[in-house]
């Protein structure tokens, strides 16, 4: 099977190319790039020398010649490739935000500042978070050429961390806070002051506080999982951490009364965590483990271990640790993903595996880098 | 004037020694160390070569010979030096937690696992956050030898960030969440797996979720500043970031209705921030600037700038940026300090300056390292 | 086939376990550890959760039950396991220095401070640098159970960089200087001041100048490759760089007159590199490419590209770039490896592949991490 | 006294501004910038908030109004400001290469690709390495307005490391190799792919091998110091290390026979360092210490300590450690500087101090950052 990758010279597209090069079901690669068309991918990324050798095609060539087409392009420029894939009858997996909002063009436009070009394509598209929409992806794929709106990096980590609490009714009506930190690859390959080494090394800072456009995507996922309940309010704050890969999300979910320790300390007491609080955390941890027991890429960590980005590096895993604040009134979930794998390219490959009925771990089943 | 530094071989003690070496009012240094007694400080830290040359004394010698004594020791071992200083009539500035809880021995014992050795010393001690207790420090110092409980690193950043909101009645009754990240020097000089380079480089993770012992110290500060109002509940989550210095605190404070934008969006709407929300943020920013207008070490950042640890590096500044979430219902304050300066040694020097009536910026007035 | 890994809790042993877990010919793993015996490997390294689950055995158990045994132990403690493997008839691949010096016990003792315990084992042992000794490894393996002295990390990068120049007679009699930098994983998993994050982050420094014990190993390799010519003198200086993985070696080889540009600039002229110098560098680059044309893991980089550690990360590749100084009198070779893969665990797997006649890239054929 | 800084928005210019803000003899600052003219320096670098507040002037304004003018501009654009300063009778301290080659316009042109614009200005200029030219700087300054060609970062570290060996005749005729590594601030403030965080974090690589234009500057310094002896040949290789600040130079100097240990090991023996070699290293270390005994910014490290960039961070020190290879035939000198201080802005301030007869440590006398 041949895979096309439009935008293969960017970080997400190159990571996709790396993963597809090792995928057992893929035997042909058609990488394409607007900016580097005509150059060889192993010139742009000499890492590929000896492993992948290919001329970067025009995007149209990749879209026209492959059995599955991935696009890692800026938002709002790839719909025409989606259209041509649908017409040709092959799946299109899009890493931009263009297909993440389904029919809600208003939300997309409010945050991304442009309308849909071909709104009708959303009839064939699905938000590609397999842990949320696996059966819908399969249905659409069975019915014809599917378009995947591959999730954003932050929304993946935040959603997987909150899903069990939302689905099982643990969350009180109130505000869920997602405080997250990302490695610098999240900013892409284009040099800029924000990602200039001396400006971000040895430093930690938030950005776009109160206004990052992954907020509506996270909110949509929360609402979808909490269906039938009050839609929880959401605050999302991203930070930049001095590291290459990884997103860590610390998620604060106010607990409904019945999920708090029976004789829990008053919230104001500020005592060290009690045995009762720890037991309640353990109970919720078991609930989380049960919720995800069939998921190939979610790991609920045992007590005593907090999720860390360096334990999922270069893997498609999402690690989740479950905690309570010392009063037992707020659930604190920590999730860790590799922003370039489960947060982008790996998830895209996972979606391809779902679409074609491959083993979902095909091309993705490896131990994370140990250091 | 001669300054003694007990625990000068640890990170905080060495940083103190560095700052005191450049202090215009200090002309003698008596560094001391239990573990390295007899060695020279410029052997333990060759950085000092050509600038500071001194044999590391026994702690007793430093306590007995100086006009002001600093101690950077593990919790629970330095009270006897405080006692001897009080008896000799010289101030004692303690960087451990021993004097941070005043008469509340129960809170100290619950989190630190040991009782006070000389409880009566708390009559002469004060929690040394000048922005909270400057006049109390002066009063005690005027009345005799004072003992300073120098604040913890996290509590300093968290408290300075929340104080104006608490003092001015902006905070609704609800939970304040402090989500913070620290550089690795916060873990001290002793090697351990957690701070082994390959274990924490290129990674980001929380620790002691729901149970860090800076929690009660932060809660005490919040309650002191919110006096007369409901004591707000607190959740504090520390993270370790792959950098040497700095603490960033992202602080979520639910706003009382009168401080929200008048016709604010519904919390569930998830729209980009409106002009009205931005104007309300600007109003609160002005309130913050006014609150701190006479403070020499607090900087309220202008709109468009978020606090970052690399802009306070090696300085005693606390930078604060003021934001709202997109619905205008939660105040998001970001504060940045250098954990080893304003979070430890610099604040100790600031306390000395207050005690002796020196210019409060003496020895501390410098532009942060630019990179 | 079942593989035993003695010392699986150390960095090299854990990396071996990670690689073997993905090796197509290995279906059983017997990890063992002295310090962590009885614990599970996924507790020591939670990275393995969901991928590798195994109790850490006693070393004897791993040595007794596997079809091939790897040992990643301190120098001088693993010979008895080698002996038991030879007696059982299975190959033993040793990552310590114990079998790197063949019969030259004097050299080993001079640098490692202890004698051989079973000197006669060297009859069955071979220095396992496949690019030097592939046929000898095969011969010994064909004749019975072979013992591999897996090369040190620095010697691997230095030797591969210098081999073509030595083998083809480019090197003048004089001193070859190897100036190298390593990531911190090279120091192993045990915490110590040298590898404490705040002591090595954001810093660069040499260590063991003029006396690192990889010096004699490099010298032996140079002499072996330069056989029949004057044995070149060697200076080797290692540095510690603030990164996790990778070794970069910058190697200065004085050129024999016939390899210098015909009308080369006087060495003292200090002019920018001329076209003639660049052409001579290109000629030597071709010679290097030809020398390694059948090697699966050596890549000679094209003109304009210098070797960099981040392009071989997590791969078994050795990248080599070929340069001349501006006078054309000294060949400057730069080689880059991942110290934990080609410099340790990957090379051990490569040796296993050679011994058993597997595809030499089995379990090792992947694109390096792109970032 | 008022100081002008042209190019104050670049890294070197901003660092200069930071240092001058704390200089006891400077009470007025006139920062200027071509690209940011009209903006405030505390907007470009919010680090300055509360410490330095100034509008960025046109370069002409700074040149016209100050008692001493610094320029941190690209090569080849600042000569007219030098001219105007000379005409006004005030010193001009230039951080570009324009005045580093004195009357040797040919060397400058060969490496920098442009001619001198006002060649006659070199009559009033001097290469500003105080350890080489202090008396010449004083002479010129006494005679009228002096122009300082402030040294490059690499040449400073390399020259100070080699000077005693060259001046005292230790170096055999042969090639001196300078293998150096720099932090990323050396590349300046302008974003580019090479200095994009994900491209250089966690990696180590050389650049411009055999052709960096600091080579002729180093060679000139070596020749000046070795006057009367054979001009030694030079190879210089720079590397980029994943850190913000610092340059480490490892310098290999072949020793003349009389400086080798009397009964030294054969160079080919590859034995651990002998007592005799260590004693000879100690003798040369004493010679180095004696050579620099009156220098305020050079520290010769004691035996057992190798120079490291993190021990000179944010200081004007050059640390030097003295070693021999194990055969005793090559002197290995390691020098460490902060590339932005002694390698740029600090040295410029030192030159100002020399010109005006201030204490040479004024504004520069501080303990390096400890971490």
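Order of writing sets the labels: A, B, C and D. Residues in every chain begin at 1.
Following the convention adopted for this analysis, a residue touches a chain if its C-beta (ideal position, glycine included) is under 8 Å from a C-beta of that chain, and two chains touch if they have at least 3 such contacts.
Note that the structure is a prediction, hence the values are computed from the model and not measured.
Engineer: Looking at A-B and A-C, which pair shares more C-beta contacts?
Structural biologist: Result of the comparison of A-B and A-C: A-B.
Engineer: Using only Cα atoms to place each chain's centre, name the chain farthest from chain C.
Structural biologist: Computed centres place B farthest from chain C.
Engineer: Per the centroid of Cα atoms for each chain, what is the distance between chain A and chain C, given in Å?
Structural biologist: Between these chains, centre-to-centre, one finds 37 Å.
Engineer: Which chain D residues sit where two or more other chains touch them?
Structural biologist: Only 11, 183, 185, 198, 200-202, 242-245, 371 qualify.
Engineer: In the complex of these two chains, what residues of chain C are touching chain B?
Structural biologist: 11, 183-185, 187, 189, 191-193, 195-198, 200-202, 242-244
Engineer: Mind listing the chain C positions that touch chain A in their complex?
Structural biologist: Residues of chain C touching chain A: 11, 14-15, 18, 21-22, 45-52, 185, 201-202, 244-245, 299, 301, 305, 311-312, 314, 317, 319, 340, 365-371.
Engineer: Can you list the residues on chain C that touch chain D in the complex?
Structural biologist: Contacts found on chain C: 107, 110-111, 175, 177, 179, 181, 183, 198-207, 209-211, 213, 215-216, 219, 231, 233-235, 237, 239, 241-246, 248, 250, 252, 254, 267-268, 270-273, 277, 281, 306-310, 313, 321, 323-327, 329-330, 332, 334, 336, 371.
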